[in-house]
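Heads up, there are several structures right after this.
Shared between the two complexes below is subunit A, which has subunit B as its partner in the first and subunit C in the second.
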Partner chain A sequence: MVQDKETILPIQLSFMLYPTVMATGFLVLPAMGALYAPYDFWMSSILVIIPGVISIVLATSLHKRFPGMTIIESSQRIIGKWLGKLVGLLYFIYLLHLTGVISREYAEFVKSSFLFDTPLMFISCSLFFLAACAVRGGVSVLARSAVIFTTLFIMPFLFLLLLIPDLNWMYIFPMLSQGFVPVLKAEAVPQAWVSELFLMTYFLPFINDQNKAKRWLYMVLGLIVISMALVDLGVLFLLGPDTSNKLYPILVAFRYMSAGGFFENLEAMLLAMWVLGNFVKLGVYLYATVTSFSQCFGVSDYRSLAFPIAILASIFSLWDLPNTATLNILIKKVGVFEIPLFMIAIPLLLLLIAWLTGRKGTNQGGVNG
Partner chain B sequence: MMSRCLIIASSLAFVMVMLTGCWDRVELNDLALVTALALDAGENNQIDTTVQFQLPRSQSGVGGTGGGGGGTNRETAVRHATGIDIADALAKLQRELPRKLFWGQCKIFIFSHEVAKQGIQESIDFLTRHPQPRERSYVFVSEGKAADTLELFPPLERTSAEALREISNMDLGFKLTLEQLSIKLINESRAFAIPYIHILPSSKSAEPRQTIAYISGSAIMKDDRMIGAMSEKIMRGMMWITDAVGEYTVTFGMKGSTEKFISLKPVRARIKLVPSIRGDKWIMTVKAHVEGDMVQNETAYNPTEPSILSEMDKAFEEAVRRRIELCLHQAQHKFNADIFDFADAYHRKYPRLWEREKKNWDQRFPQVEVKTDITAHITRLGLIQAPGGMRKEEVIE
Partner chain C sequence: MRTRYNAKVSAVRSPRTRRELSEEEKQPLELALMVNLERLRAIYTSCSDLIVRKFAIGGRIEAAVIYIDGLSDASGIEKFIITPLMNEENAEEANLLQLAEKRISVSDKKRVSTMAECIGAISNGMPILLRDQEAVGLACGLSKWEQRQIEEPAAESTIRGPREGFTETLRVNTSLLRRIIKSPLLKLETVTLGEYTQTKVVIAYIEGLASPTLLQEVRARLSRIEIDGILESGYIEEMIEDTPRSPFPQLLSTERPDVVCSSLLEARVAILTEGSPYALIAPISLFTLLQSPEDYYQRFWVSTVIRWLRYFFAVMSLLLPSLYVALLTFHQEMVPGALLSSMATAREPVPFPALFEALMMEVTFEALREAGLRLPKQVGAAVSIVGALVIGQAAVQAGLVSAPMVIVVAITGIASFMIPRYVTGIAIRMLRFPLIILAGTLGLLGIMMGIIAIVLHLCALKSFGMPFLQTVATPKFSEMKDILIRAPWWALDTRPQLYDDQPLSHRQPVNQTTGNKQEGGS
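Take a look at the complex of A and B:
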C-alpha cells in the first residue's frame, strides 16, 4: 500500500514515462535498427505500439486486480510470500543492474563526445547524486521535476526541422526490399526500450484517477511512437546507408544543422536534452530500484535508501563493462531479452497465475503493513 | 536553522566548483583555431598533414604597415608534420604548437591529388571517427599540393579556408560535405565526384600569394580512389543530372550558331531519373524540366514573338541536352564511373534484381542507354523586349 499520502497526477506520470523510454532511445535506437534494416528501420518504430500496449495493459490490469500495489507487493500475494519475495529480489537486482547500465550509457556519450577529460565516474555520479536527491525527496518531487525537465527535453526535437533542406527523401526507397524479416530484427531493441513503460507499476499506486491515467498512458505511448518515427526518418533521410555506421546518428544530425550560416554547432543543445532526459530516466529507475528493495525487505521508509542504492548502482555501471563495445553488445544481444523478461514475461506470468487462482488484492493493507 | 544555512552554503560551494567546467575547462588563449586541414602524400607511404590556423587578432598586425610584410594582411599561419597516419601526424604537429589544436571551426578538408589517387577511405575513417571534425565541413581535392592552397592570403576573406567555404556556400558550383562523402563511399554506385580546386593566379597588382583557391571541375573517384579529373565544362552536365545546377548561368547559341549567344540566369531545374529494364537492356531516362530567365541576348531575334521564343526554348533544351550528353559520355566511356548515382535509382526501383546484379555494375554502367526527356522554357525576358540597342529594322521578328 501507499506508505503516505503522496499522490501524483496522471499527466505527471506520462511526463515521467516519456523520457524513461526516449531519453536514451532517441540516441541509441536508430543505429541499432539500421544495422538490420538499413532503409526500413523506421518501420520498427511504428511496430513498438505492440509491446507498448502490452506493457500498459499488463501494468494496469495487475494494478486493477491488486489496487495500490506495485508488482513487488502483488507478486507476494500471487505466488506466496517467499516466492514473491524472491521475485522482488530478482527485480531489485535487475533494476539495479539496469540503472547502472543506463548511467553508463549516459556517461559514455558525455565523455566520448563532449567532456573528454572528465572522469567517467564523475559524470555518472553527479547525475546519480541529483537523481538520488529527487528520489529522496519523494515520488511527488520526482514527478514535478519530470514535468519541468521533460518539457525542456522535448523542445530541442523541434530543431530537427532545421535539417529539412539537407534531407534526401529518396532514402525511404527501396521499401521492404528484403521482406519483413529485417524489420522484425530491427524491432528487437526498440521493443525492449518501449517495454520499459511497465515501470509505471511503481507509480500507479500513487494515482487517484486510474481511468484518466490509462488515457494518459496511451497518449504517452502515441507520443513515443511519433517521436521515435520522426527521429528515425530524420536520421534516415540525412544519413541514408551511413546510419548504421554511426554510434549516435542523432548527434551527427545535430552537428549537421546549419541555419543562416551562424546558427551552427547545436550539439550542445543535444547534450542539454541528454542530461535532462537522463536525469528523469535515472530518477525513475532509481525510484523503482529503491521501491523494489524496500517493499521486498519490508523497509518502511524508502527515502533513506536512495543514496546507498545510488552508490550501489554506480558500481554496477562499471562492473563487467570494460568498454563501449561491450556496452553495445549488452544492449543489442542481452538487453533485448532481459528487459522484456522483466517488463513483460514475468508480469504476464504473474497475471496469468493470479487469474487462474482467482487471487485478488484486498484493501486490508499491504504485506509490509 | 543552522543546518539549513550549512546545506545552502555547501551546495553553493559545490555549484561554484562545478561551474568552472571541471576537467574539460579550456581557455580560448590555449587554443589554436584550426580553419583547414590539408593532406598530402609524404615519403614512404606516409601522410603529410598541414593545418591552417587563425592568428589571434592582436597578433596579426594591420596590413603590414611600413613595408616588411608588404600589403598582405596575414591572419593565418600553417604548420605541417608527417606521420604514419593522420592521427600520428597530428600528434607530431601538436608537439610543435604551443596551443592545443581545436577542430570545432575547421570547415575545410583538402586532399591532394596524390593522396586521392592512393585512396581516402583511411582518412575518412579518422575524420568521421574523431569527435571534433564537423560532418558539415567541405571536402576538396586539390590540383597540386594541398598544403599550397592553405598558404594563400585572400584579399577579401580573412582566411583562404573561409574563402573556399564562402564560395561553396554560394550555390554556384559543386560542393560536397564530409557526411555526404561518407555516404557516397558506401553507396551502390561505388563512384562519385569531389570538387577539384585550383589556385587562382594572383592579379597583377597583388602579392604572389595574395589569392585564393577556387573550385573548377571535379575529381572522379571510383571506390575511394581518384581515377581522373573532369573539366568544369563537362562537370556542369553532371550538375544538371544530379539536380544541383544552383544559380549558374547558361549560355547557348541559336540554331547551332557559334557566334551569337543567349544567356539565361538563374536557371531552375527539376530532374527525375527514371530507370527501366527491357530484357537485358538497362535504360535510364533523365526527365528534366528546366526554366531560365534571359539576361543577355546577342542575337537579332525578338524573344517577345511567341514563335521565336519557342525556337529559343528549343535551343535552350538542346543546350541542356548537349551538356548532359557530353558528361554522360565521359563518365560512361572515359571513366566508367557512375557519378550520377544511377545505381541508387536502380536499387530503389528494382531492389531484388539489384542485389543480384550489383557486382556486374562496372560492366553494366557503360552500356546503360540514357534517354533524355527535356522540356525547357525561358520564363522571363528581363527589363527589355527586343534586342537592346538595336534599330527596329535590324530585329528579326
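Take a look at the complex of A and C:
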C-alpha cells in the first residue's frame, strides 16, 4: 500500500521520548540509586546528562551521515548487507525482549499495588493491545497521542508540591561521606535508562527540520535530568536513608500526601498517570521493534506486523521472570550492561567504522513507511 | 506536511440498479406540437397534477404551456406568458425565441430540446412553452411553492447573534449566504444527486481562500454518490465522511448562516442541500465541535471563561459516572473520609452494586431525554415532573438507587447539554457507557484504558484529510489562541492553515487603527 510520507514534528518527538525514559524511571530509579549511595543518589541523576548527551549525539550523527535511515538501514550500508542484517536481527530480538520486560515492570506495579488478583498476562496484554493499535495507526498517530498523554502524565506531579510541609531538608547531609565512587555506582542503572534515548533513531527519518529537532532533543534531556533530580531529592527528603528499602518510593510519597484532610491517598492517581506514560513508552518500543523487523527483512508495510509482534513481545514479559525479585536482578545487574550495549556501544562502533571508511548515505535511504 | 485523504466511502451501487433514462425520455422534441404533447402525457400518465394548457398565439398558431400544479406560479403564467402571446399579431413570422424576447417578460428563460430536459424543467416548477412546427421549447422561471418562513433555528439559539436560520429552499439559503458575504469570490457550484429525487446540492466556497485539493476532493466525493434519493443533508454527510463508523462527526452540520459564513472565511467549504435546512461544513477539528457561535459575539473574557467551563464539563460528561463507579468499587481510599462515610450510609439500602446502579440510572436518563424531544408541549411539563419526582425522589426512597447517584446523573446530564453541538453531545454520551462498564470491572485502570482507546481513535481520525486533533496534537501555537482561550478580536489576526496548498498566506489583517488607550492595550 503506497502512502504519503508521514512526518512528525520535533516537539512531538520530545513528547514521545520523555515517557520513554521517565515512565518507569520515576518508579524504580530512586530505589536503585539509593542502594549504593543512600544520601547522594540525587547527584547520579544529574550525572546522567553525560550518557544522555552521548546517545543524542550518536543518533543525530548517524542520521546526519545517513539521512532518512534508521540504524538498521545504515548498518547495512556501513558493514555490508549480511552483517548489517545480522545487526538488525540482533536489535529486533533484543528490543522484543526489552519490550516484554517493560510491560512486565508495568504489570508488576499495577498488580502488586492495585489489582491484586488480576493475572499479570491480562494487564500486560491489554496494554499491548492498545500499543499495537497505536503502532498500526502509524507514526503520526503515535506521535499525536504521545503529545496528549505526556501532558496528562506530567500533571499529577504538581501534587508532589503538597508534600513540602513533610519534607526534612536535613536528609541531604552528609554529602559525599564515602567519596564519589558510590555516586558512580548509583549511576549504573539511571545511565542505562537514559541511553534509551537512542531510540530516537527510529523517528528521526520522519522529521523535516533536523536543527530544530536537535534543540528539542537537548531540551527534553534537560527536562529528564531536572525531573529525575527533583524526584530523587523529593524522595530523599521524605524518606531519608530508608529509600532503598522501598520498592517504589514514589508510591510511598503519593500515599503519604494529605492536604487538609481532603486530598488523601492519591496513589490511584499515580496508577492513572502511570498507565498513560507506560502506554507511550510501550508504543515507542513496539514501534522500534516492528520497524527493526520490517527493515531487517525488507517488509514494505510495517503496520500489518504490529499485532503479531505485540503477541511475541507479550510472551517475553513472562519468559524466564518467575517473580519480582528476578525482574529486579535483571534490571540491576544485567540491564546495566545490556541496554548501553545496544544503545551506545554498537552505534558508537558503527559510527566509528563509518567515519573511518568514509561511508555516507548519498541517496535518500527510503524509510519503509 | 502533505495530507492524504482517506476517502473510502461512497454508496456505490452497481450500474444495473441505476434507473436508466427510458427511450421516451431520450427523444428530442418533434416539430408537431401534438406529438410532443402526446409523449409528455404518456410519460406523466396518472400524474393528475400535470396541467397542459393549449392556446393559440395571436389566434392562429397553436402552442401549449405545460406545468405541474402547485410547483409553478399559475397566475404568473397567465399574465406573463399566455396573455401577451395571445395578443401577438405577427405570429407566423417570428420563431419562438424571438417571440419570447418580444413578448414574454419573464427574466429566467432556458431552451429545451429533449424530453429529458423538459421533464427536468417541469419537475423544478418551470413551465414549458411549446409551439407548433418548432422543435425547441422554452422553460420559464416561474416556480412558486409554499415554503417556511425564516425562523430562529431551534437547536442553535444564542443570546447574542443573528436569529436567522436556513429553510428548506435552496435559493433562500444561498441568498442568506450572499447577504453576509457580498464578494463575488463566494462561489456556488451546483451538483444534482439522487436518482428519483434529483436533489440540487450546492458547494459553497470562497475562491482564493479554499485549498484547491480540498475542492477537488469534495467534488470527487459528491460525484461518487449513487443513491435513490437524498432527503436530508445527513445522507450526504454519512456518505462523504472519511470514517463513517466513528462516533464523532467529521463534518459540521449547522442551521445558522453566520456559522457557515465564518467557516467559509476560514477557508472551509460548505455544502447546502435542497430540502434540508442543515448545511455541512468541511473540514473540521474536534474543537470546532465544541465551539458555539456566541463565543465570537460576546466579549473575550466571557467567552474564554465559558469556554473553559465547557471543556471541563465536556470531560465531566464523559468521565463523571465512570469515576464515581471506579472510586466506590475499587478505590474507596481516594474519597475523603467524611464524604466516604455519608456515601456509604446512602448506599447501604441499595441492593445493586455501583456499576449496575450507574448503568440503570444513565439508561433511564437517556430514555427520558429522548422522550422529552418528541412530546407535545402539553405533555412535556407532566413528563418533567414525572422524571423529577418518580425517578429522583421515589427511587431513592424506595432504595433502588442512592442519592449520590442521582446527583451524579443530574450533573452529567447538565454537563452534556453544555456542549453546543447536539451531535458532539451524543457522541460523548455514547462513549460514556463503555467507560462505565470498564470502570466497574477494572477500576481506574479500566477508565485509563478507555481514555487511551478514545484518544487513539481521535488521533487517527481525519476530516477530509485534516487531522481531527490538529492544533493540539500537532502543536501549532499560533492557532491555540482560539482554542485554549478566545483571544480578543484585535489578536485574532491569522487564518487557520488547514492544508499545505491553501493559496493565501495565513494572515488576515485585523487593525484597530483608532481607539482609546483603555481599549487597545492590556
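The working rule: the second predicted complex is superposed on the first by the 359 of 369 C-alpha atoms of A that agree within 3 Å, B and C clash if a C-alpha of one lies under 4 Å from a C-alpha of the other, contacts with A are read in each partner's own complex, and residues count from 1 in each chain.
Definition applied: a contact is a pair of C-beta atoms (placed from the backbone, for glycine too) under 8 Å apart; a residue touches a chain by one contact, two chains touch by 3 or more.
Remember, it's a predicted structure, so these values are computed and weren't measured experimentally.
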| item | value |
| --- | --- |
| First (subunit B), second (subunit C), both or neither touched by A:265 | both |
| Touched partner set for A:177, first subunit B, second subunit C, both or neither | first |
| Partner chain(s) touched by A:113 [first = subunit B, second = subunit C, both, neither] | first |
| First (subunit B), second (subunit C), both or neither touched by A:241 | first |
| Contacts of A:252 with subunit B and subunit C, given as first, second, both or neither | first |
| More subunit A residues in contact [subunit B versus subunit C] | C |
| Which of subunit B and subunit C A:149 touches, first, second, both or neither | second |
| Shared subunit A contacts, counted only where both subunit B and subunit C touch the same residue | 114-115, 118, 126, 261, 264-265 |
| Contact footprint of subunit A on subunit B as seen in their complex | 18, 22-24, 104, 131, 134-136, 169, 177, 179, 182-183, 186-187, 344, 347-349, 351-352, 355 |
| Touching residues on subunit C, where the partner in the complex is subunit A | 1-4, 327, 330-331, 333-334, 336-337, 442-445, 447-449, 451-453, 455-456, 459-460, 467, 469, 472-475 |
| Subunit C contact footprint on subunit A (complex, rising order) | 3-5, 7, 9, 11-12, 110, 114-115, 118, 123, 126-127, 130, 133-134, 137-138, 140-141, 143-145, 147-149, 261-266, 268-269, 271-272, 275-276, 279 |
| Subunit A - residues contacting subunit B, complex | 112-119, 122, 126, 170, 173-174, 177-178, 238-242, 245, 252, 255-256, 258, 261, 264-265 |
